[in-house]
Structures are given as structure tokens and as C-alpha cells.
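Take a look at the structures below.
Next come two complexes built around chain A: one with chain B, the other with chain C.
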Partner chain A sequence: MSATAQRAPALPARTATAPRDSVRAWPLRDRIGYFCAWSAGLALIAIAGSIVVYMAFRGAQYFDLSLLFESPNAEIDQSASGGFKDPLIGTAMLLVMSTAMAAPLGVAIAVWLTEYGRPAGLARAVESAIEIVAGTPSIVLAMFGLILFQEWFGFLTFDAEGSTLGRSFIAASAMMSLIALPLVVGATREALNAIPRHVREASYALGKTKAATIRRVLLPAARPGIGTGAALGMGRVAGDTAIVVVLLGSTLQIVNGTDGGIDGLFRGTGSTLTSYVYLNSPAGEGLAPEKAYFAAFVLMVLVIILNFVVTRLARGRKPLWTR
Partner chain B sequence: MDPLTELDRRDEDLLRPPPPVRRILVDEQPTIVQPPPGGAPVAGTSGIAAAPGVRRAEPSPAPKVERMRAEAVSIAYGEKLAVDQVTIPVRQGEVLALIGPSGCGKTTLLRSFNRLVELTPTATRGGRITLDGEDIDRIEVTDLRRRVSMVFQQPNPFPMSVFDNVAYALREQGSRRPRRDSLQEPVADALLRAGLWDEVGSTLDHPALRLSGGQQQRLCIARALAARPEVLLLDEPCSALDPRSTQVIEELILRLREEVAVVIVTHNMQQALRIADHVGFMYLGELVEYGPAEQVFGSPREQRTREYVAGAFG
Partner chain C sequence: MLNPAAPGFWTDRRVERLLGAVACLVLLLIGGMIAFVFSKAWPSFAHNGLAWFGSGGDVDRQLEDIFSSPSNPSDYVYELHAWSLIWGTFVVTAGAVLIGIVFSLLAAIFIVEFAPPRLARLLEPVVRLLAAVPSVVYGLIGILVIVPWVGEHLISLERKESVANVIQLNGSSLGVGILILTIMIVPIMIAIVVDALRAVPGSWTEGASALGVNRWRVTWSIAVRTARPAVVAAAVLATARALGEAIMLSMVSGSASFAPNPIDGITFLFEPTRPLASALVENVEGLTVVPFGQTLFAFAAVLLVSSMFLSLAGFVAKQSMRRYGVQP
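Right, the complex of A and B next:
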């Protein structure tokens, strides 16, 4: 009789009596690690939860829907200082304008990198450039943008009786688009790389050119990825303050950049929810903390919605093809 | 010649080192047509044509027309030779199956017929491939690929509707024109020929990627047929499918061989036996043997073919 034959019946009995998941049976070191992992997770939930709860509490405390529809006024008397209609519109304008700039550019860069990418040296240089843009603090982008729009693109900015300030919605959106750009490029590249080679070849095998394949097969397949990147970028744009303060100015109201008209709106200055919160909080001029709280709450809800969109786009997306 | 002497001679042939460049004279009649001596086939050496449960398809009554021909084609990836001096004809009215172990060059050869192999940057090709007598290198590549279309191992419908998948093959480069109504008829025709019309005819606007795997693969065949190609290349089209879908596609292939020349690469020996009229056995880039399916499977001329065919059937 062999040893294995004797041991064989004992095996199920032992696993049945000793529960596999009993932490008490673990070595001390493992138990400490296990405890740390648990508490780190719980701490994160606690932090996220307290932010949301506190902001919701403050938001509810100063809840006043009329603030959303009133323009801000520079008044010490808080009953006359208005709401944040202009910052809300400013945020929306920045989101739309910067996404309109970042999305096509980012998709084009991603397509070039994944589908062409030659010469290889140039592709590597483009990748490094994206990483540099992604790693640059937004205040640095803001200062760079200020120089750019004062020196060369003054005609796109607010015109203060002949002197160029380098500030406008266009200037702020252009620099904001650089914040969103790496996210769009990254998500689009990931989506394109997820398309198996044989799908491209199937299009070529029908006598299609590379351009037709990209336009009619690859980009439609990458659409959810592009959407994810754009929504991620919007979340970052909505939350950025430095570029707004430097390039959009600190006028709470939207001021037309010319004598009027739609081009004046784009060349005009204004504010966003972030700059409104900053200017009204105790950190800024501290005039209306309760309005700042409510504006911050609205901003948080906006960003949470954007993140929710990202999760919805990413979730349950199984590969369309087998490799 | 006496059969035993014949066998002896063949063994001597095998002991000799092979000539440096091998060519299969494809139009030559097989030298050995009689069964091996001793009546019953020797297990493990030959005689798999009678494998149980495998039914040969009837040869097509359609006249055989040579559409393509590879002449002394060699293909290398960088320094590595993948296809070595292969000469083989592709005829309409029959199914040509390319068999052989993995990495033997059969897929590479297939991909050279529509110049898809050129997508691999390191690939180089020698020799000549003709389509209806014309060198394929002189045909505009997008034009060639409309005339020699291809179906892949994995079903790969495009992320658009069933209708648009087929219409895509008919439209000019990526454009949405010509108008949908003018495409209605050719699209329906392609789906009909691919045996898919009954299943999707009323749901042409549904996304193609919602179809089952077998339906997706038949949609890919419909797409490949839409531009009325002369040659249809199939690269292991059933390897990702269940037996039922495989059977449907095999029946489809047998029907299609009358209107289009069919070349199929397959790992599945039974499948080759079921549907092929001619078989090419490739090994290490060489076309070791080419002939009618019953001959290649029943009484292969070459020792390597015999071993592969026998081994593959266990």
C-alpha cells in the first residue's frame, strides 16, 4: 500500500474541519497586514464620506436655488451680492470650449500614435510631450498661457482700452484643454489598442484604405473610450482654479470683451464655480462663506455626475471581438 | 511495376537527401494511385480516407476554371523563410484546402493571395502570383482585395448594423454613398448567398455584434461576397465556432465553390476531408504534397504527408 493511497481519504476531512478563512489561524505578520489593509480601505471610505456629508450638510444649510439664477454683485451687504449665475455659465463655457479643443486634437494624436506612429523617434517624442503636459502644474500652464496670449494672441483676449491683458474665455479654455488632452489621448489609445489586429485586416481585406478603416471602423469602435477620456478631462477642467484666476480674471460677472456680440463673449472675462468659491471663501476675500459653501456643493455634484458618467461608460464593457 | 518493388523504390527515395529546391508539379497525375499492398491499410501509415464518421462531399459538377496561381512563391519574415518555392493553382468550382502543422506557412501563403502579408513590415516575397493571368503586383491593391476577399479565424463584424457591415464592402472608401436604397438589393443578395438572410432579413438595422458567433462569421462571409469576388480566402473560419455552426458554414462553402474559387486553411483534418476537392499539405514552408483530397488522404505519395495525416487522425 502506498503512502499516497493512505493519505488520500484524510484530505477532505481535514479541509472540512479547518475553515480556510479563519484569520485566527494566520501568522501574526499576516494578521497585521490584513488589519492594515482593512483599515486603510475603511479610512478612505470615512474621508470620502465625511467630505460628501459635510458638503451636503453645508449645501443644505445654505440651500437657495435662487442663487443659481442671480448674477453676482460686488456688494459688502450679502443680501445684495447676488448669486452665482455667471460662474455657473462660466464653468459650462469652459467645459464646452476646452472639450471642443481637446477632444479632436487628442483623438487625432491617439490615432496617429496607434495607427501610424512612424518614425518611431517622433512617436516617442510625442509620447514624452504628452507626459510633460500631463505632469505640468496648472499654475505653470496658466503663466505660460498668459505670456502666449499677451504676446502673440492678444486679439483673442479681453481688450481693455488698447492694453492687452491676455485674459479671456478663449485663453482659459485653450490652457484648460491641455489639462484634458492627456486624458483624452490616453483613453483613446487604450480603446484603439483593444481592437484586435484582425479587425483592421478585415477592413483592408475588403479593399479599404487605412483612412477609411480609421474613420468607419476604428473610431466608432473606440467611441466609448473617447467618451471616457472626454468626461475624465471635463472633471479635471471643472475643478481647476489656477488657470481661471490667471487667465479668466477675477471679475465675478461675465464681461463682454468687445462692444458686444458672440465674439465678445468668447473674448470676454468672467468666473467659474472654482474661482467664485475661492473669492468668496475665507481664503479669498471671505465675504460670503455661506454662498461659497453652496457653490462648492454644486461644483462637487457636477464633478460626481461626470465621474458617474465615466463609470457608466467603462462598466460592463466587454471586448467586442476575440483576439 | 510490382507493388512491393514500388514500395522499396519509394523508401530509397526517402533515404536520399532532398533536392535543394522542391517543386510540386501540380498538374501531373499522381504517380501512385493504387492502394498500398496487403489490401487493408496499415494503421498509422495511411488509409484515413475511410475514417469513420467522415463523409466526403460530392465533387461539384461546375466546370473548373483556374482563377489564381502561385508560381515559385517564397515569403520571408526578415531572415526567416516562411513559404519556400510554392507553386499551386486555385480553381473555381472546387475547394482547395491548405493543411499542415502550425507555423508551416499555410496562413502566410493564404495572406499573400490578397497581399495582406504586405502589412507585416518585415515580409518579403519572391515568385509570381497571378489572378486570371494578371500579376497581382500590377493590380491596384484595394482593387485586388475586392476581387480576392478574405474571412478570418475570429468573427469580426464591424461595430455597425448588419446592413452597414455588408454595405461597407460596397461603398467607396469609407463614404456613406451610394445611397442606401441602391444598396438594398446587393446587400440582400450577399446575405442570401451567405445563408443568413432568413435569420437577419427582418432585423437589418440591429448591431452586427449582437449576432451569435456562427451568424457573425456568416455575416463576415456575406461581407466578403458582397463585392462579387473571384476568389474567397478562408483562414480557419470555423476554429472559433461550435460544431453546429461549423456544419452550417461547411455546407455554405460547398455551395459557394461553384461561383467563387475557395481556398481554406484548416487545422481540422476531418474538415479538409469533408469539404476539400484538392489538398495542399505544407510543412516547414514547403508544399510537400498537392493533389485531389482522396489521394492526399487515402494514398499520400510523401512519407511526411502520410505521417501528418495519420497522426492527425490518431
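Right, the complex of A and C next:
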């Protein structure tokens, strides 16, 4: 029984006691496979290492804190083209807004799927719809968002002299939340499924309703899972470019959508770190690779931090009853 | 009477209906997306018929004509033969997925079976990091480092001259696109395959080991064989991801709608191409021009249909591992 559970550690022990099973004694074909597996694993580390080292090197080379606090300007002269304060604010806004939309929606769907899921056909349909969103290219989501907000929710978007373009922070974060949604749903479902049945039964036995059980027992227990999903989703949102380019436009500065006020900020357009990198690279108009490198470095740091959060959440606090 | 703050308000029935309504809302949104994209795309398909998918003419020029078509709705120009874009999408995706399958399978075997515990622990965050790097960063490295290097060192002058009257080779190429795309999709595949290999019942591999089969054969003929559905699922999901990759490819694979020709031998890999998704990103500014917008939505519809089938197929493939009593 216990041998089944600890298969991985058992293998090296066996090779240690059985000297005849050394790689040298294997047939050539097997040795080639073994060698290929090793080189694939090492290549993976080399690739990741070189990307991180290269970006860190470039980031340090063009390190300039003042860039973080200057608004970008559309100038050909690089000394006057400013930094990326606005893209940073834009990224932060998109992260907060899209998570605020995706997390409650995703948790609600996950709870419905695992705890209710009736009628079964509807549950199956919702499940495959989530599966479809997960696979839809973000550029297609962006174009759908553009029609949706142009034709139906124009009042939520940037108002360019009476004609709606379908562009605003609201539009972009709504579509971004669709990217994050499958990740939140998946992680929450996994967490809910990991809670043993007897926990629910104990709660019912104490006279709690199903709704109260969900709110007081299941959701608190699933919190690390929800956090993991949200952080994964934020990582994807921070890294997505296509939706930003389509739904926020290619202005680098944050433009207020109305005459001012906080609703105008949400209806306004702007940029994020990703679109800043894209537009400042040789692929966009602005030829400022140094600034693009530094912005990409900041973006990488942000993504790595989110990644770290995911690792910590996934590792941390297991509910007591699961041993 | 209807006071959400009152203690008895959140009855089971109300909660179930509320959560169900949220789920239906998302279902409706996705259904609406498919319907919307198709209704917008229809005129372009209807005008071209099956020739839409065929070859002929220069796609860039056709797109220009569509963009500058007269404003009178009856004079809209729709003529488009999108073959070079579709071919570009196909070659880039297939290349990246084929290399990716081999590479990620080997890497997954390494992580599960052969890596020393310390290395295996290091590889987990490495895979997660590679998955998390934004595509625009990959694109930036590609366009500023790899493309110029390939243009200067790998493409000889004779090679450039050999196709000079057809296309200009400057380093932004199919090969670079495939290379970076492979790195981008490999982490997804590794994650799925590793999970599946770990889920293979230990008694199966132990039984084979007890018969004196060496570790590579055990892994290859039992663990990998059992995990085959997961390899398929990984390939399918990675294909969906690769199809939709727009930003990175538009940065590194060149900005000409050219269909690279496999007859050219090695030069094939150095020829520029442009997949559907990057064509969308690069032309999205013209979306307000009605026929042009409809053409772009036709591109989006093709992408949507393919990714829809792929993600459902991946879902089914993942399920089929349950047949062996293995939880994917």
C-alpha cells in the first residue's frame, strides 16, 4: 500500500541497490531517450534562465526610476517623450477592475457547478462555454467587446464627439475578466471538490441550510483556491496585449472619457505596460527600444510577483480536516 | 418583504436560482459572442463563397481595396482570397506544436522520472515562469535580439538574392515565429503531461520494474502509453493557444502576407509570413470602415471556430483518461 504512494522516491533507492540497472547497461535506444530527456529538461532551464537574465540585464542597463513618474508624450525626440506613469496606472486599473468582475462571477459559477449543477444539461453547457472562453484567442474576445460596447453599451465607453468607438477602461476590463474567468472557475472548482463530503454533511446535520453551508463553510475553506485563481487570472490580464490595443486604443496617455470626474476615468482610454511595450517597439510607431525594455522589465517583475503569490497560496494553509 | 439583509432571505431556492442565473448569463454571453461574430462576418463569406479560403492575388492589396471601397453600401468591395494568411497560420501553428510535443514530452518525462529531486523542484517554477511571461515580452526579445541576429548571421547574401524578386528576407521570418511560439506553448503542454504522468498508478510501473525492465522502457512503454490521451489534450489545447497568438507573431514573423513555399528548402524557414491573428491586430485601426470591419470579423470567425473545436476536443481528450481509472 505505502509503496504505491511513494513511487518517486522509491526509484532512486532501487537503482542504488541494483547496480546492474545503470544507464550504461541499457540498450542504445534507451540511452538516447534518456539523454534526450535530460537535455530537454536542461534546455528548459537554460531558456528560462537566459530570458530572465537578459531582461534583468536590459532592465538594469536602462534603469531610470524617473520614467515611472512621467507621463508619456508622443515625441520623436526620446528625451522629451516621457516615461510610463500612465501605462502603470492603466495596468493597475485594469487588474483591479477585471479581477473585481471576474472573481465574483467565477466563484458564483464554480459554486453553482459543484454544489447545484441542475439541470445536468445546463451545467454541461455552462462547463463547455467556460472551456470555449478559455480557448478563444484574446483578439477575438477584443473584437467581440468592440461590437458589444459600440452597439449596446455605448454609454459606458469613450465619447469622441458624439460617435462611440466602443473603447474604454470598462470595456477593456470586462473583456479581460473573460480571460481571467476560466482560471478562477477552474481553481475554485478544484478547491471545492477537494473538500470532503463529510464536512458538508456535518454542516447539514447541524441544521444549516445549503446556502449557509456554502457561505460559512465551503467558501472560507476554498479561499486559497479562489486566491490562486484570481492571481493566475491577474497574471494573464497583466500580460495581455491584444485586448488593450483594440479596446483602449493606441493613445499612450490616459484620456478622460467625459468632461471630468471619476466616471470619466472609467470611460476614458489609455494604455497599459503591454501596449506601451508594443507601441514603443519597432513593431509600433515609437522607436524607443530602451524604454520598451525597461517597461518590459517592470512588466516581468509584476508577473513574477503574481507568480510568486500563486505559489505561496497554492502551498499555504490547507484546511485542517484534510490532514 | 424582499429585504436581502433579512435573516431568512437567502433560502436555498433563491441562492440556487441566483447562482444559476449568473451561470446562464455567462452562457448567454458566449452564445452571443459566437452569433455576433458570425453575423458581422457573414457579408465577407457570402460575397466570396469558398474562394474566401482559396489563393489568388495579394492579400495585402485586396485588404487595401476593401479598406478604400466607396462609401455607398451597394459598391462595397469584398473580394478576398485569404489563403496566404490561413497557410501562414497553419504552418506556424503546426511547426510549433510538432516541435512542442516532442520537447514537452521529453521534458515531462525528465521532470517526473529522471530529474534529481532538487532539479525537479527547480523545474516547476521554471515552467510556471515560462508560461507567465507576457507574449509582448517574448515579441520584444524576438524583434530586438533574435530577428536582427538571424538576418545578419543565418541568412546568407546568396539566399537573399535567390528569392529577391519574390520577397525580401530581413530576418523576420517563419522560423523565428515557430521558435518563439514553441517556447510559449511548451509550458502548457508540460503542465498537462506532467500531471498525467504523475497520475499513472504506481503499481503498473512497479510491476514492470519488477520484471526487470529498465526505467526508460518502463516510462516510455507504460507511463507515456497510459498518458497518451493527456498528450493529445496537451497538443490540442496548445494548438488553440498558438492559433490565437497575435502580438508576438505580428512582431517577429514579418509584416507581409506571404505564403512561404516549402519547395524553397531551408529558405522556407526564413521567409516572412503573417497568420490570421496578427493580421487582425495590425489592421484593427480600420475596423470602423464597414466592409473592412466585416472582413476582419471573418478572420475572427475562422479563428473562433477553430479554437472552439480545439478546446472542446481537448476537453474530451482529457476526460478519456478516466477510462483507465486515472484522474487527469
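The rule is simple: the second predicted complex is superposed on the first by the 295 of 323 C-alpha atoms of A that agree within 3 Å, B and C clash if a C-alpha of one lies under 4 Å from a C-alpha of the other, contacts with A are read in each partner's own complex, and residues count from 1 in each chain.
As a convention for this text, contacts are C-beta pairs under 8 Å (C-beta built on N, C-alpha and C of every residue); 3 or more make two chains touch, one makes a residue touch a chain.
The structure displayed is predicted, hence computed values, not measured ones.
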Query: So, on chain A, is it clash or fit between chain B and chain C?
result: fit
Query: Touch check for A:Thr114: first (chain B), second (chain C), both, or neither?
result: neither
- prompt: With the two structures laid over each other on chain A, which partner does A:Ala125 touch: chain B (first), chain C (second), both, or neither?
  reply: second
- request: Considering only touches as defined above, state whether A:Ile139 meets chain B (first), chain C (second), both or neither.
  value: second
Field: Partner chain(s) touched by A:Ala211 [first = chain B, second = chain C, both, neither]
entry: both
Field: Partner contacting more residues of chain A (chain B vs chain C)
entry: C
- prompt: Which of the two partners, first being chain B and second being chain C, lies in contact with A:Glu201: first, second, both, or neither?
  reply: first
- request: Look at A:Thr188 in the shared chain and tell me whether it touches chain B only, chain C only, both, or neither; answer first, second, both or neither.
  value: neither
Message: So in the superposed three-chain picture, is A:Ser173 touching just chain B, just chain C, both, or none of them (first/second/both/neither)?
response: neither
Message: After superposing the two complexes on chain A, what is the shortest C-alpha distance between chain B and chain C, in Å?
response: 7
Field: Residues on chain A lying within both footprints (that of chain B and that of chain C)
entry: 209, 211-212, 215
- line: Listed in rising order, the residues of chain C that touch chain A in the complex are 10-12, 14-16, 18-20, 22-24, 26-27, 29-33, 36-37, 40, 103, 106-107, 109-115, 117, 119, 122-123, 125-130, 132-137, 139-141, 143-145, 183, 186, 190, 201-203, 205-206, 209, 214-217, 220, 237, 240-241, 243-247, 250-251, 277, 280-281, 284-285, 287-288, 296-297, 300, 303-304, 307-308, 310-312, 314-315
- line: In the complex, chain B touches chain A at residues 114, 116, 119, 141-146, 149-150, 152-156, 158-160, 168-169, 173-174, 209, 220, 223-224, 227, 240
Query: So in the complex, which bits of chain A are touching chain C?
result: 3-5, 7-11, 14-15, 21, 25-26, 30-31, 33-34, 36-41, 43-45, 47-48, 51-52, 54-55, 105, 108-109, 111-113, 116, 118, 122-123, 125-126, 128-144, 146-148, 165, 178, 181, 209-212, 214-215, 235, 238-242, 245-246, 250, 274, 277-278, 281-283, 289, 292-293, 296, 299-300, 303-304, 306-307, 310-311
Field: chain B partner contacts - residues on chain A that touch it in the complex
entry: 196, 198-199, 201-209, 211-213, 215-217, 220-221, 320-323
